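All chains are identified by letter, namely A, B and C, in their written order; residue positions are counted from 1 within each chain.
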Amino acid sequence: MLRYTFFRLVQAAFVLLVMTFLLFMLIGMMPGDPVENMLEGNPALTPELARQMRELYGVGVPLPVRYWHWLTAAFQGDFGFSSLYFRPVLEILGPALLQTLKLMVATIVLSIPLSLLLGAIAALRPGGWMDTAISFFAFASISLPNFWLSLILIIVFAVQFGWLPASGTPLADNPSLGLQIYHSILPVTVLTMFFVGPLLRYVRASMIETMSSDYIRTARAKGLSETTVIVKHALRNALIPMVTVLALGFGMLFSGALVVETIFGILGMGKMIFDAIRYVDFNLALIGLLLATIVTLVSNLLADLAYAWLDPRITLK
Amino acid sequence: MSAIDTGLAGIPSAPRQTIWQLRRKRFLRNKPAVIALAILVTLTALCVLAYPYSLLMGLDPNETNLLMRFRPPTATHWLGTDSLGRDVLLRLMYGGQVSIAVGVLGTLLTALIGILIGVWAGFLGGKVDAFLMRLTDVVIALPMTPVLIVLGAVDLSKLGLSQALASSPGVVFLRIVVIIALVDWTTIARITRAATIEVRQREYVKAATVSGARHLYNVLVHVLPNITTPITVAATLSVGRIILFESTLSFLGFGIVPPTPSWGNMLTNAQELIISAPALAVYPGLLIFLTVISVNFVGDGIRIAFDPRSEK
Amino acid sequence: MNALVEVDNLNLHFPIDDGFFKEKLTLRALTDVSFSVEEDETLAIVGESGSGKTTLGYTISGLLTPTSGRIKFGAALGGHSQKRPVQLVFQDPFSALDPRMMVGDIVAEPLRLQGVSRAERLQQADDVLEQVGLPAESARRYPHEFSGGQRQRIAIARALIAKPKLIVADEPLSALDVSIQSQILNLLNKIKRDRTISYLFISHDLGVVHHLADRVIVLYLGRIMEIASRQDLFATPSHPYTQALLESVPRIGRGRRKPGQALKGEIPTPLSPPPGCVFHTRCPRAQEVCRRQIPELLPAPGRPEQLSACHFKD
């Protein structure tokens, strides 16, 4: 197990390294002059420094060399400046990542009980009308364009009724927790709607499997009430492997959150990355994308490790 | 005939139902799937009719008319007009052509890449397999939306295409198809690989090999025809996913760019007009939703029809 | 006699890797296997499951490449142009036939791979189908329309169509109902009468072997324990392992029998076969020398044609 973990860590580190190169190249192919894009925004940029930088990254310098300069600088903690915000990129991306994670944690906290509840109800009588309705809901969840759902919810709850704010970011300087939650209701609803479908399908399938297993039959035969059987045995059984599903879904949820942020004007990773790409902010885009890759890598890694942990056959390999 | 007892009693005199007849029957019994298929066919037909409809009504999807902005539905403009005075229904029809075409072509390309990689890895095994599966792991580990957007933002003129060509609608369309396929092939590759490994070790492949069959023969004659089921199911489901990718990209401004309409980019505009013209935000999204959910129901129906054991 | 195939010092090892941090293990599926298949004979391979029978069959057919040693298709072929005039018949008649192909195309496949035109090969397929006792119209059906026994006939037809010199039949009866088994056995015998062909007949059923084999090879943990004619093997088994196998089939086992000779224990793993005589962990006659020294495959006392690998053979 330890070995497997180590191997996966090495693999993830390698993937990250490859990604730095790919992204460096791709972002270099965005419109505009990559070198100027890179240098802009640095307040300490004296003409002398600019000349040095152009020497390192300039037109005549081959791409691998340019990449190498960037990589060595990055390893020394120098990730460059944002040309949009005139600040070091990490100063911008740190809070943004936190913001996105908050959104995701809220979604996960809501999605788990909801999917357990809906999945359990559907599994009670497979093929019954409740099951059919819940299955339809799950299909809707995976088929809804989340940016559209955001617009519709804004139209209904913010524009028509005026009950909820259309913006995900409170205007106040130091917003209270309550205010923050109030502003997060719509975005979190969209993300939950998006996340709960795959989860509940999983819970339902695993519940149906457990409910027909011998050990549930034994529990029933012992005269335990149906509620006890479901809650204590079937649900609990479904919960353990759900860790894996959650971790795998994390990357997907992250991607979803990025889109939803742009609509609700939340200053998270998504907004940063999109603005960076739209306005060709080289450093911000690069580091933002790398952070996004790290988040996805880590969640996949956790999923694999959780899976290996729970399924002894894998570790034997 | 030989003298020995041949035990032929079991040979039917006429062929029984072919497997396809059975599958069709099982699919047709699945009501949601049939309804979904009907919706899909109708939607596609409507989109295909965009051109005849424009002739019939004397409309042009891209001609702006500032005197005709935000008109409510009328006899000529059944769904009214948009912020530039263009007919909403006609633009929805043309946008649908784009979305559906991206979905179908993207799936074909995704399937092509996925099948090639999956069969290659699964059939050859060993180092090739290990390398290709690591590659698949890497692509799966990418954050989908941001990567799509970077790919969408790449300036094609830096790849040697002329500025005019790079921004022509045809190239923009193909580029969407290609970049989506570049990140989406992993599911089909994994499924194909697993199926290939299963079929590869079947004994009819061994029999052919003993008779002198090469890899290519075995792949084309024995493996591919026997793995169509999982690939078809996976490909159907990927149509829905790809339509969602395309609409998201176009919505964010990195996909199909105006004036060419797509359901995604029609929502970009609508976003700024949700107070003055909320209806404009409803139709395109509703159509995306309807199309994707129908595709998913059809995919589920195919899955059940192909493998009745999976019905749970 | 004319040797059709000569197998010389064959070894086949499967490398087993342990994930990515490779702890290279070797599974010794076949070790120092030497024998020959004569023209027009039925040579049976017997042994418990996991003893390497299938691996041997696959290696002779060319599906597996030996780690070392040689397989020579010899003089009896008389300049035959085919590289390896071998065909396979498998145990499982279900996975042996491609469900997406019509029976005619399945049977004709070896000819297709030789470049014979479709009309020509389908014509031949009809003929062969008839020879194995299936009506010609079977050619236009799909495998799922046939029973297990009928499928095995189809598989035999496919093996026959290319006129092989050797058919490797890997437990061709064990998946069939008992009543069908004898039909297929009769079919194999009939084919043998009609043409000059050798069978390498793999089986773990000594009863069937007794019925059909000319000679028998006894395999244990990838090594040959004994080679003998059918008569010798069943009448005077030389190797303790052979004796133990016969012991479990009292109906045919007419060999010398000592009480308590039946096999006990499990077959050891071929990942680390026992040193010395591989059979010593289960052999009732094992002595100290058996643990140290590998017995050579040598004639039994007074019977030059009967070879057995044991320090204390009968």
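Annotations
Criterion: a contact is a pair of C-beta atoms (placed from the backbone, for glycine too) under 8 Å apart; a residue touches a chain by one contact, two chains touch by 3 or more.
What you see is a predicted model, and the numbers here were worked out from it, not measured in a lab.
Each chain's centre was taken as the mean of its CA atoms, and the one lying most distant from chain B is C. When every pair of chains is scored by its C-beta contact pairs, the maximum goes to A-B. Put simply, the C-alpha centre of chain A and that of chain B have 24 angstrom between them.
Per-chain Cα centroids separate chain B from chain C by 49 Å. For the pair chain A and chain C, the distance between mean C-alpha positions equals 57 Å.
The set of chain B residues that touch two or more partner chains is empty.
Chain B makes touch with chain C in their complex at residues 1-2, 4-8, 10-12, 15-16, 18-19, 202-204, 206-213, 217, 221-222, 225-226. Taken together, the chain B residues at the contact with chain A in this complex read 32, 134, 137-138, 140-147, 149-151, 153-155, 158-159, 240, 244, 247-248, 251-254, 264, 267, 270-271, 274-275, 278, 281-282, 284-285, 288-289, 292-293, 295-297, 300, 312.
Note for the complex: chain C touches chain B at residues 58, 61-63, 83-84, 86-88, 90, 92, 95-101, 106, 109-110, 113-114, 130-131, 133-135, 138, 141-142, 144-147, 149-150, 153, 155, 158-159, 162, 180, 183, 186-187, 190.
Chain A meets chain B in the complex at residues 11-12, 15, 18-19, 23, 26-27, 29-31, 126, 136, 139-140, 142-145, 147-149, 151-152, 154-155, 159-160, 205, 208, 251-252, 254-256, 258-259, 262-263, 270, 273-274, 277-278, 285, 288-289, 292-293, 295-297, 300.
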